[in-house]
Every structure is written in C-alpha cells, then in structure tokens.
C-alpha cells in the first residue's frame, strides 16, 4: 500500500479549486484505491492479511492464464475509484484518513493514477 | 447503520440542482457509506453479522494501538464514498436503495459527512 | 456479470466531453458495478465463486422476507457506484479494465443504470 495523499494535496493546490470533488482512479485491473489510517504501518499490514485470508492465491480459474486471479479479485472488491470532497482547497479527509494506492500484483515499474478535479457550482 | 437518505434529499432540494451528482463522503477512518435496502431492520442486522464474520475483532496488529483494527478494516473495505446521481432534483435511487452511514467504532458524539453536489453541464 | 463498457463509451462519445468524469450507478439494491478484466470468462466466474463463498445464500435474517439476503449483501459490499475518469473523450480505463453490471438476484427483465457525465472546468 502506497500513501499518495501528499500527491493529491499538491494536485488540488495546483487546481486552485476551493470546493468540489477529486476523483482518484487507479488504472490497472490488479490495483485499487483505499482510504485508510496511516498512523503507523500496522493497519496496512492488517489490510494485506485480511485480503490474503479472504482471497487466497492459487485457487482461481483465472490463475491458468497468468496466475494472478487473487489480485484481480482484490482489485474488484476494493475498487479503483474513490471520490474525495475538496473543502478550502484541500482534500476533505478526516485526521486519520489517508489515500492509498493498493498494488495487488507488483511491484511494477510504472502505474498510472488519474485524478480529476471538479469544482462545484 | 444510520439511514441518512432524508438528509441527502433535503440537501439536493436546497441545491436546486436538477441533474448531476451528489458525492457522499464519511469523514472518519472507522466509518463508511453503504447503499442498502431499508424495508425493515433485517438487512442492516445481516450487514453487521456479515462484516463481523468476515472481519472479527481482536486479532489485528493495529489492536495494540487502540483496539479497533476491525473497525478500520470494515471502513476501508466498504469505503467512505458513494456517488449518487441526481435526477429531477432528487437522488436517483431505486425504490429499495437507501443511503446509510456505517459506524464501526461508536457510538460517537459527533460524526461528519460531506455532501458535494455538482450539476452536469 | 454483464460487460457494459461499450455502452459507456457510446454515451461519453455522444456527450462530447473531452475530460471529466462518468459516474456509473446501478439502480437496484441487489445489483452493483464492478471494474474487472474481461480477457475471457474466467475472472467473472471467479468473482461469482468468491462472492458465493464469502456471502452464502440462505442464512440471513432478511431471507424470511424475500429469500435474497445474500444478493443485498453482495450489492452493498461491491457498491452501486463507480466514478471513471474521462480523458480524450474516452473512459480512462486501462487495457484490462472493463465496466461490469453485476446482477445478484436475476435474471430480471429490466434494470436501470444511470450514467452522469460531467466535464472538468
């Protein structure tokens, strides 16, 4: 899990949008976006443990293709998109909410995240 | 689970937006937003049972900090954001869809939900 | 699981929106939207297997009403909304991301999906 909060903060600052939404989207069918605490590493480890328990590797029909069925299932369940409010030209996160990119089939050299910032009217 | 549908309806009415989206966002890393039926209490009870079975309490690394690892995991999996269409100055929900705030580590005295309403063009 | 990607592409083309977001919303408390690969049928079968294992049918309080508690729970967990970026008048999906309508209590004669397209500013 990669904390991308500071990148999203920067993009919102650059946009100068005061109130609106930031749509954060992970391009990749074995990746996802999750909002989670980042006080320390513990809850990130717990997310990995939980998903590995719920969705074990090596038992899926898709594994016959490229052996990453579990990564697709985790990505589908967590989901590639989160929509975060913008308030005061900042992401409207609570104190303990951070934005994480979840890599379920990596590491990869390159991943793309699309952030779309839209002002309210 | 707290049904907040009528609050969202009121905010959309006030906005006078005819068509667009309402982004509903739970500020809090142990809370989430879920769309679910509200014919009676049964499915809400089932949601709680399911999440408690999938994500039991007391077995997480994060519990050493503040003993609420399960609440964070439930929140991360369900997710804090839902984006609901607006049609005819109303939320575009089906008959049996209601909007619920999910409290996984409460009760709390105060929780914040940010609703951002954006008209389409 | 029904692949609706080409319908979303058509709607985005018709809108002539170059960059922005497309909010895809399943109207129905026993249906959902999932982004997933569609190279072949395998991962779709795996999604069905996973959800049936995680959320078996016939053991829920809601089943006493209309015997579809599992369908509601699957819908709530996967979620009815996905927000997809629009780039270059196309959905900003990666090569292996397709948009699926998930029917958990069907088949039905008719289901409604609301797609709201919003340009960025």
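A few notes on this one:
All chains are identified by letter, namely A, B and C, in their written order; residue positions are counted from 1 within each chain.
Here, a residue touches a chain if its C-beta (ideal position, glycine included) is under 8 Å from a C-beta of that chain, and two chains touch if they have at least 3 such contacts.
Bear in mind that the values here come from a model prediction, so they are computed numbers and not experimental data.
A rotation of 120° superposes the C-alpha trace of chain A on that of chain C, rounded to the nearest 5.
Interface chain A/chain B: under half of the residue numbers present appear on both copies, so the contact uses mostly different residues. With each centre defined as the average position of its C-alpha atoms, the distance from chain A to chain B rounds to 18 Å.
The multi-chain contact residues of chain A, meaning those touching 2 or more other chains, are 54, 77, 79, 83, 118.
Chain B meets chain A in the complex at residues 17, 23, 25, 27-29, 54-55, 60-62, 64-65, 69, 72-73, 75-77, 79-81, 83, 112, 114, 116-119.
Interface of chain C with chain A (complex): residues 19-21, 34-37, 39-40, 42-43, 45-47, 49-50, 54, 77-79, 82-87, 92-94, 96-97, 118, 120-121.
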